[in-house]
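Structures are listed in the sections that come next.
Below, chain A partners chain B and then partners chain C, in two separate complexes.
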Partner chain A sequence: MMHNLPPKPKRSTFKTVRNILIGVILAGIYIWTFMGIDIDFAKAVDRMTNNYARIIPKLLDPDWSALSDVWAAMVETIYIAFAGSLMAAILAIPLGFLAAQNMTNNRVLTTIGKWILSAIRAFPDIILAILFIVVVGPKPFAGVLAIAIGSTGMLGKLYSEVLESIDTNVVEAMEANGANKLQILVHGILPQITPEFLSYAIYRFEIDVRASTILGIVGAGGIGTLIVFAKMNRNWEEMGLILLMIIVVVTVIDLISTQIRKRLV
Partner chain B sequence: MIEFKNVSLTYPNGTKGLKNVNLTINEGEFVVIVGLSGAGKSTLIRSINKLVTATEGELLVDNENILTHKGKRLRSLRTKVGMIFQNYNLVKRSNVFKNVLAGRLGHTGTLRSLFNLFSKEDRSLAYESLKRVNIEEKIYNRADELSGGQQQRVSIARVLTQKPKYILADEPVASLDPPTSHQVMTYLRKINQEDNITTVVNLHFIDMAMEYADRIIGMRAGEVVFDGPASEVSEKTFEEIYGRTIREGDLRGGTEA
Partner chain C sequence: MTEKEIKKTSTQSPSVIPLKAKFRVTVIFFIVLAFYLFSSFKTESSITEFIDGIGNMGELFQKFFPPNLSLFQAIWPALADTIQMAIIATTAAGILCIPLSLLAANNVTTNKILYNIVRFLLNILRTIPDLVLAVIFVALFGIGALPGIIALVIFSLGLLAKLISETIEAIDMNPLEAMQASGANTIQTIYYAVVPQVLPQFTSFVLYVFEINIRASVVLGLVGAGGIGQILDQQIKFYEYPNAMGIIIIIFALVVIIEYISTKVREAIV
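The block that comes next holds the complex of A and B.
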């Protein structure tokens, strides 16, 4: 049977040369970095076999007597994440509007809004936590503020993108029937954006639970504090329980949040 | 009464939307504007409620020159001029009732409307409007659950709830199939006759224009090239307006289902 195949695509020599060049450059960068970081593989393997053989079995044998302490710290972690995300979900609204081109209709304002949001996003959560510990002391509240500010950067950007993608025909229709700006906002824009805003806020809460587990490492409260203590005391059984707790709680929260978000939009 | 006096409109990019238009649209008329796409039909209709602003001449609605209207006066003009769009422009996530009540926004105080405190009269008016276009059973459905024809009927109900003196319809049937198109045009015509609302409709289907209009205005390249009663119009007239022979695509065909 005759197969009438389509003609082979034309390959330009330029593209072939370009792709080979990209491959060579990438490989070069890899080799250069590995030379730069100077890994002593023999020593690494040695340490691994020595320490990990000692520690991993202990991690896998959690110390259940510490359960109530670990649970209390986990609850504190969730509180920090929740308070922080809630603050962020609210703080991000005005910034989101400011950074949305179609809301301000003003290039300067939008640019300022986008800059503020990028500047906030540039700080890792842990740096923010250190900054706030300086301001309010080594308390969970420092963690809350770190989460709040860190999340505002991301939520503000996502909010502004939601706003920029709304159906402007609806806005036009309401303008055409004599509604004023505030009425258009409440009756034309809010119904379009609320589900997405909520969905992103919940998603960010999910991320914040994970982020707040490490805040304690710098002293900003939550389960990270226990991680630091367990490591200092080489109490690997308790560390095992802490890690197990984090894995279970984060997974459960992820599952719940996915379910809620599915129903929202 | 809507009067265009030497109205021209030049868009910021230099495109001439309207060229020296002179027109008078009388109370209670059902006017259909025809022309090819890009002929200026939309620009003409949208200049009446100032969604676009004419750059020269005078445009009088009820003897007021609207070209200088801003803020409150512009909103009050728009409250009495209702508009229907090709893509219905409903809030898809809100239910039908909320969408129809939005027609009252121009008549409702800001504070009341922010908290959804529409008066009993408004709510009953919204319900009556839905009944007039026979879609009251969908009142609590979300707008995105409705078909195109149903959404367009909801948008007609929204305009009715606005209690306008004029209705502008910008290609109201361009996204619909032939039977639904006839249904929508029949409702518009019925409302025009029963409530004596002056209605201006953009269409590019010549058979529909001839069937529903009192008066037909033909446009080409931003100019009014024909203006006369529908009874005087023949295919020849359309060939003159379009500047070419009539094709299959210029006809909607079909009848109301």
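The block that comes next holds the complex of A and C.
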């Protein structure tokens, strides 16, 4: 009955003080939140009762005549996601090696690598898309770049974790046998990491398909462009079809990619 | 083994990977490459354009720099709105996900049909991007923080319920069985046998979803759902790039700070 043993008194007071502190901080955060947020519920509910009939039934009644347009936009979305993911899968390799402690054997380099990766991850994809639209103009290419850079952060981090968990015995054995760095990389490290690298890249592609669907809202191509038009024209039947398309395509891609990843690892 | 065979095996370096696998990998590699080339053709993103793009980076720096950070005071209310939206949405999702995640865990919900229906609904919920939800809710409720919060709640609900139901599925079933054997009812079993096992993970996942919600609520304003994104959208539409860059840097700092705190707390919990 380990649970009935009385805890050490010192730790107990520390814990109570800590718990009270946490409670006070949390209460403070919530008071600040609910005092600060400005929501006019009456107005919102009023608007909702007015708009409900104009929007929700139409969303559930997709406009099938727009199918070919929506499908074309969805295909473009997949192209954006694919091109972006593949770029990221390659760009993330050097960064992953840089951020892996056992690859660089240098604390400074590793820290720099980890900082670069978390800095990239802090940018929402859509903000990157805004930046790239300013650079290359409002076209799918801006979306591809946003996806490529945005995914590099997460993939690089996952890659570096894979690298840090490899079996170093193989590497040491090869070093002891006089293999050079390139030989160690190709025969000792690559076979260990390839399946997991591929698996993560495919996983990121799943996320990127989802992310690409909204890039068009800021003008970076894909099905998001149609979302903006449907919203502006209050064409909720088309919006319904777009939603349905996103749900079906994302689900199918998730299923396929899960199957591939199961066979890889 | 004849002499010839020995010679053959010793001269040919033994291949670790069988020929069939090599062939398959090569074919897959070329399919991926071909689809990539096709995608980049369709999205007009070629290597040359990319190099052009890098050339344009100088232009980007000229347009966006120096970022105007002095507007911090002016945008603080919107920034606070963004954080508050994320806090409210995360709290609401954290509470709402409890029944859902219990329903989506196959060791608590033994009814196969109910379990599969809930799972299916959660999967669908997660496929709808938060910004699309925000577009619809802005149309329903009008511009403001409320549609943003609802969009965040719905999106994070799917994610949180999935993560927590997986945690519940992985718990030690012995305490549950012991409690059921000694006559505890469902609520008692959940409270005394499931909650203590799940609580640390639950807190950690809620914080993780909070990080995601902060990043999401930053951009919700782009479609009129409140927060800092609305100001960013205006500044970009008015071509006030130094202001926009200032806002982006402030957003970046906010996300980094909140992620740092949340990561530290999560490390302490689990």
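What we mean here is this: the second predicted complex is superposed on the first by the 236 of 265 C-alpha atoms of A that agree within 3 Å, B and C clash if a C-alpha of one lies under 4 Å from a C-alpha of the other, contacts with A are read in each partner's own complex, and residues count from 1 in each chain.
Methods note: a residue touches a chain if its C-beta (ideal position, glycine included) is under 8 Å from a C-beta of that chain, and two chains touch if they have at least 3 such contacts.
Given the structure is predicted, the values throughout are model-derived calculations rather than measurements.
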For A:D167, is the partner it touches chain B (first), chain C (second), both, or none of the two (neither)? first
Give one of first, second, both or neither to describe whether A:R210 is in contact with chain B, with chain C, with both, or with none. second
Max touched-residue count on chain A (chain B vs chain C) belongs to chain C
Regarding the shared-chain residue A:P191, is it in contact with chain B (first), chain C (second), both, or neither? both
Using the superposition described at the top, list the residues of chain A that contact chain B and also contact chain C. 191
Taking the complex as given, what residues does chain A use to touch chain B? 167, 169-170, 172-180, 182-183, 186-188, 191-192, 195
Listed in rising order, chain A residues that touch chain C in their complex are 29-30, 32-34, 36-41, 43-44, 47-48, 51-52, 55-56, 59, 76, 78-80, 82-83, 86, 118-119, 122-124, 126-127, 130-132, 134-136, 139-141, 143-145, 191, 210-211, 213-214, 217-218, 221, 224, 227, 231, 234, 236, 239, 242-243, 246-247, 250-251, 254
Chain B residues within the chain A interface of the complex: 49, 51, 75-83, 85, 87, 89-94, 98, 102-103, 105-108, 110, 113-114, 155, 158-159, 162
In the complex, chain C touches chain A at residues 16, 32, 35-36, 38-40, 42-45, 49-50, 52-53, 56-57, 59-60, 63-64, 80-81, 83-85, 87-88, 91, 123-124, 127-129, 131-132, 135-136, 139-142, 144-146, 149, 215-216, 218-219, 222-223, 232, 236, 241, 244, 248, 251-252, 255-256, 259
